[in-house]
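Just so it is clear, A, B, C and D label the chains in written order, and each chain counts residues from 1 on its own.
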Amino acid sequence: MKAQRVDMFVCPSATPADTSGLQALADAGKIKPDTLVALVGKTEGTGAHDDWGRVWADVALRDWTAKFLGIPVGEVAKHVIFVLSGGCPGVITPHIAAVTREWLDVPDGSQDGEKRLVVGRAGSDAITPEEVGRMGQIRKVADATHKAMADAGLTDPKDVHLVMVKVPGLTTASIADAESRHKTVVSHDLTFGPEGAGAYANDAAALGVAMALGEVPESKLADDVVRRDWDLYSEVAMTSVRQALRSAGLRFKDGLPDEADLSRLVHVFAKSVIPGSDQVRGQRITLLDDADAYQIGKALGGMLVASVTGRTTNYVSGGERNSHQGPPGGNIVAAVVRAN
Amino acid sequence: MKAQRVDMFVCPSATPADTSGLQALADAGKIKPDTLVALVGKTEGTGAHDDWGRVWADVALRDWTAKFLGIPVGEVAKHVIFVLSGGCPGVITPHIAAVTREWLDVPDGSQDGEKRLVVGRAGSDAITPEEVGRMGQIRKVADATHKAMADAGLTDPKDVHLVMVKVPGLTTASIADAESRHKTVVSHDLTFGPEGAGAYANDAAALGVAMALGEVPESKLADDVVRRDWDLYSEVAMTSVRQALRSAGLRFKDGLPDEADLSRLVHVFAKSVIPGSDQVRGQRITLLDDADAYQIGKALGGMLVASVTGRTTNYVSGGERNSHQGPPGGNIVAAVVRAN
Amino acid sequence: MKAQRVDMFVCPSATPADTSGLQALADAGKIKPDTLVALVGKTEGTGAHDDWGRVWADVALRDWTAKFLGIPVGEVAKHVIFVLSGGCPGVITPHIAAVTREWLDVPDGSQDGEKRLVVGRAGSDAITPEEVGRMGQIRKVADATHKAMADAGLTDPKDVHLVMVKVPGLTTASIADAESRHKTVVSHDLTFGPEGAGAYANDAAALGVAMALGEVPESKLADDVVRRDWDLYSEVAMTSVRQALRSAGLRFKDGLPDEADLSRLVHVFAKSVIPGSDQVRGQRITLLDDADAYQIGKALGGMLVASVTGRTTNYVSGGERNSHQGPPGGNIVAAVVRAN
Amino acid sequence: MKAQRVDMFVCPSATPADTSGLQALADAGKIKPDTLVALVGKTEGTGAHDDWGRVWADVALRDWTAKFLGIPVGEVAKHVIFVLSGGCPGVITPHIAAVTREWLDVPDGSQDGEKRLVVGRAGSDAITPEEVGRMGQIRKVADATHKAMADAGLTDPKDVHLVMVKVPGLTTASIADAESRHKTVVSHDLTFGPEGAGAYANDAAALGVAMALGEVPESKLADDVVRRDWDLYSEVAMTSVRQALRSAGLRFKDGLPDEADLSRLVHVFAKSVIPGSDQVRGQRITLLDDADAYQIGKALGGMLVASVTGRTTNYVSGGERNSHQGPPGGNIVAAVVRAN
């Protein structure tokens, strides 16, 4: 039978367009044109919807990948998934994680009971501006999630531990396009603010995943639950960094992971969303009111993960005020740990 | 003999001008006109040099105190010290801590070997705009520190665990005043940025304290070491939240303080300064470059303290890039814990 | 017959709580407890929904007015209207304009054909959080506009040249209140951003005025036209600074008002809203995308008005992206000019 | 004899990396590999020292130029000058202006008395981090200015109407480099704030130009006059938009340029610096205190230029608080107008 062998390599980036780490991996034979399946990273810059650091990184990574694969730039998205999250406030090091997958011949039954990391990829059908943040997007993301599970060789939703979705935001141009066709859009705010199109798009993606994995029945979903009914959410992963590391087999000592074990920690993916309430354990905080809440919310998550892992090359996105990505007041986190 | 009995009460503030918590303490007899010695707090707002939330709080607290003490507003500063730190980014709850001191008659020798919390207060001579951030300020702060030690009944610098200094910044008007007298000022930047007058003022205060406590000899001090020679610093307190809590007698379990013990924790004072390097454990972070580094630096410290204490009403100031308040890469923190 | 005599005095403010200019007017007998009808001003600060500079100014002005009128603070709103607009980016000087009104006995017919400035005031019924930015607010503002016209002695809407409405925003607390009663609110974004509650509240007020003045028929109004159908708007005043000054009788020379005439200019009220398109005369600008568009939009209007009037003590609010206050692409402006 | 024929073409940019306008000029034969001498533009983004929009534009323009000239990217700076100013707040359209120069054979004496636009280019010797904002930079810029005049064929400083200098800022890395060699740097603030390295670098460049053109004698220049002695400045151009347009031959009507004449206006270069005082015509403004003063200062200049030229594709940089680029309170502006 065929079995996946998945690996992951984390390269710090000196600038948004820095591909030297990837090139070194390629030169060392660690990533190959036919094994590279995804590039996932944090890029320095404003983190806003018009963050040119992220856009430049995206262009540079696609150019590099096209050369690496020996194909035109326009073709790379069919082979490699690119997910870049802009903004590294606080203690988040800009970096790119390369994900590789090989199919190995293994004797039938050789992996009985031993679950290993697998990955699957899929693209959704094109999402129109008027679908962003609404049922149209939710259904297309749900479909794509099913396709990605099939690509990963998974059938049981319980085996899904992290779904990363690259979502379309809205732009001045795409809104004008929709309205010229007499369609409305979910928001005229392009940001990741409380009524921002970026936040709606992220949340419709989360609900699409929740629908695909059976966490939320389709009958409960509608345009007007998005960013309104917080009892609906996807929770495919742990909601505490410590819990995630423990469940992945790391031992803890005095509240922190064992130093030796930490070398087995490959990467952490975490979401850092601002709670929807201005009360933390009964005391008021002003974060919901703050003009820079988006950056600070992200920074707080980066600090928490770094304080437990002792490293700063973590993938931490977030900053939205409330989200369907995780239960109310909770955030999702996934750790990739190398088996002994 | 006379001995001090010091107490501290933390009141969350619903708005910058909220004095209802203080009034409740007064009504309950917990603070009295002749025992109130200081009001120390965090106020919501921008945290910038022109943070009107902080200014309004200052005015409102002085008004309230004048009424409480039955004296004109212009007289309150002789009786009560006001230290307000603006900006509550992230998980810092706006609050005011009232500090009281009583002198009790105790039998001679009854406290042998038992050290308890004491407080002392002093005002410095007036600091001119041209002295801000320079030796003029350093010497005046050193003098005031000695006076405050005397007021506290302390002679050994080792018994000093926290010195809070309210420093003058520069303003457009005070700079114009200095320059009209043909004096230069340390900076034309009014902010807490890397060359900001606010940062210079805070750091000259730290060096003044260091000089008073013998941490840095006067011979090493000069105008041009301020914010330049980071080997000179004051470190009157712990540099880790956990360490501070442990040294104050709290027991830890699984990396966090014992819940029962936490009820004895009265308050935490912490500084959260951005390290002077863009490297954290060998990896680059972008914090030194970030436009909102001042807010984020403060927020990160607030997160760290809250993640250990489990509460958000902590006094966390900071956000400056590097500082003489603590060793390079370190920050100072002090915990007030009630004895059993 | 009775005729109004209205006057207006502009006092620059040294701080948000500066009432010394008003006190000087009172001492000089220019404003009296029974003639003061409104205090309208620009306050320094962030201009955001939680701008403590504006809040402090509001508290300080009410305190001063209560003392001036010899009544409790809680009563002042029945006698004097307070409209404060936060944020003075660029070349806008913080200031307060005091408006006075006296009723004089004049011979019948003495004012035939001569229109002079009159003012009227009214408060609306209380507006609930769920009504903000919706028909509930629109109708209550329309009613209040009719009441203010009656108070001014006006019956013809054409005689109305400026309606200033102080609107309620939403807060974390008021949203929680509405939702606890199972009501929805127009937005969870508290700001003046494109989907912000502040922008919805301002625009519902504009539509309420438009309804009262017959500019928009009630049949065209509904919850979902607010911040969506830009063909509906109020335009009670000029839409160009030059035009406003000319129509008020100022002569122009070489594109700028005659210096001598300018001394007759008492005050300018202007709105500076960002156009809803990213095209200006066929060229793209990035303002709709910019994180600081709210401040910059306001600053641009301040610059335009100052470049024509040659002074900075102008009332310029705005910064919203698009608005029902004025036609698409246009802004409203009103000039108060002293007759010779 | 040889005479220069200079032309200039303004291309709006759809994104920072948009080179389609240049390509269209190339395809139309308007710019040629041997005539292109400079690309000067405004790029969208934060405008800060780490503005990735500007960096990306720089990389993309150099790539395009290398292909256009058929030379390696590393060689393009020897042939073409690149000056990009980041940040388009308000009504400034992102754009690139291509400058071309041809040497034509003209009959001797054919241009007697007729001055036409000429351009010259030069690079300075490498400027070390410790020289930035100090005499080292001033002298190297002065030398380069002389070389550029020679390249332009100019000997009389009065014939110089605009000098654009691309200056080096400081970075965390270059500061560390200097300090590792026991050198100090002018500032640890990387921004364009009042004590920012970017502002020092711009001002040392202005003083270098002033020295080269004889506006300021070398004897008056020293490290400590930079950003301190505002009586020293360069003023190679007009200080009012209207004045600049008039002196370039545009006729005005009712305060604005004649529409027909405006079609002859090729481009405007303007600096928009915040005055060093908080008083404008006797009234206080808060701009010196504002956190976003850098963006707003730039936006105000963009508004002024656009309000006179009726177009948004103007090159407006600035936002620094005070500058040696122009007299106290004044700014420099240059207009390029096509002769009839």
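Please note the rule applied: a residue touches a chain if its C-beta (ideal position, glycine included) is under 8 Å from a C-beta of that chain, and two chains touch if they have at least 3 such contacts.
The model shown is predicted, which means the values in this text are computed figures rather than measured ones.
More inter-chain C-beta contacts link the pair A-B than the other of A-D and A-B.
On a Cα centroid basis, the chain most remote from chain B in this structure is D.
The geometric centre of chain A is 40 Å away from that of chain B, both derived from CA atoms.
For the pair chain A and chain C, the distance between C-alpha centroids works out to 45 Å. Contact with two or more other chains is made by residues 44, 46, 50, 286, 289 of chain D. Residue ranges on chain D touching chain B, taken from their complex, read 46, 48-50, 172, 184, 187-191, 193-196, 227-228, 278, 286, 288-289, 291, 321. Contact residues on chain D toward chain C in their complex (touch as defined above): 12, 14, 44, 88-94, 252, 254-256, 280-281, 283-287, 289-290, 292, 295-296, 299-300, 303-304, 306-307, 310-313. Chain A makes touch with chain D in their complex at residues 15-17, 44-46, 50-53, 55-56, 59.
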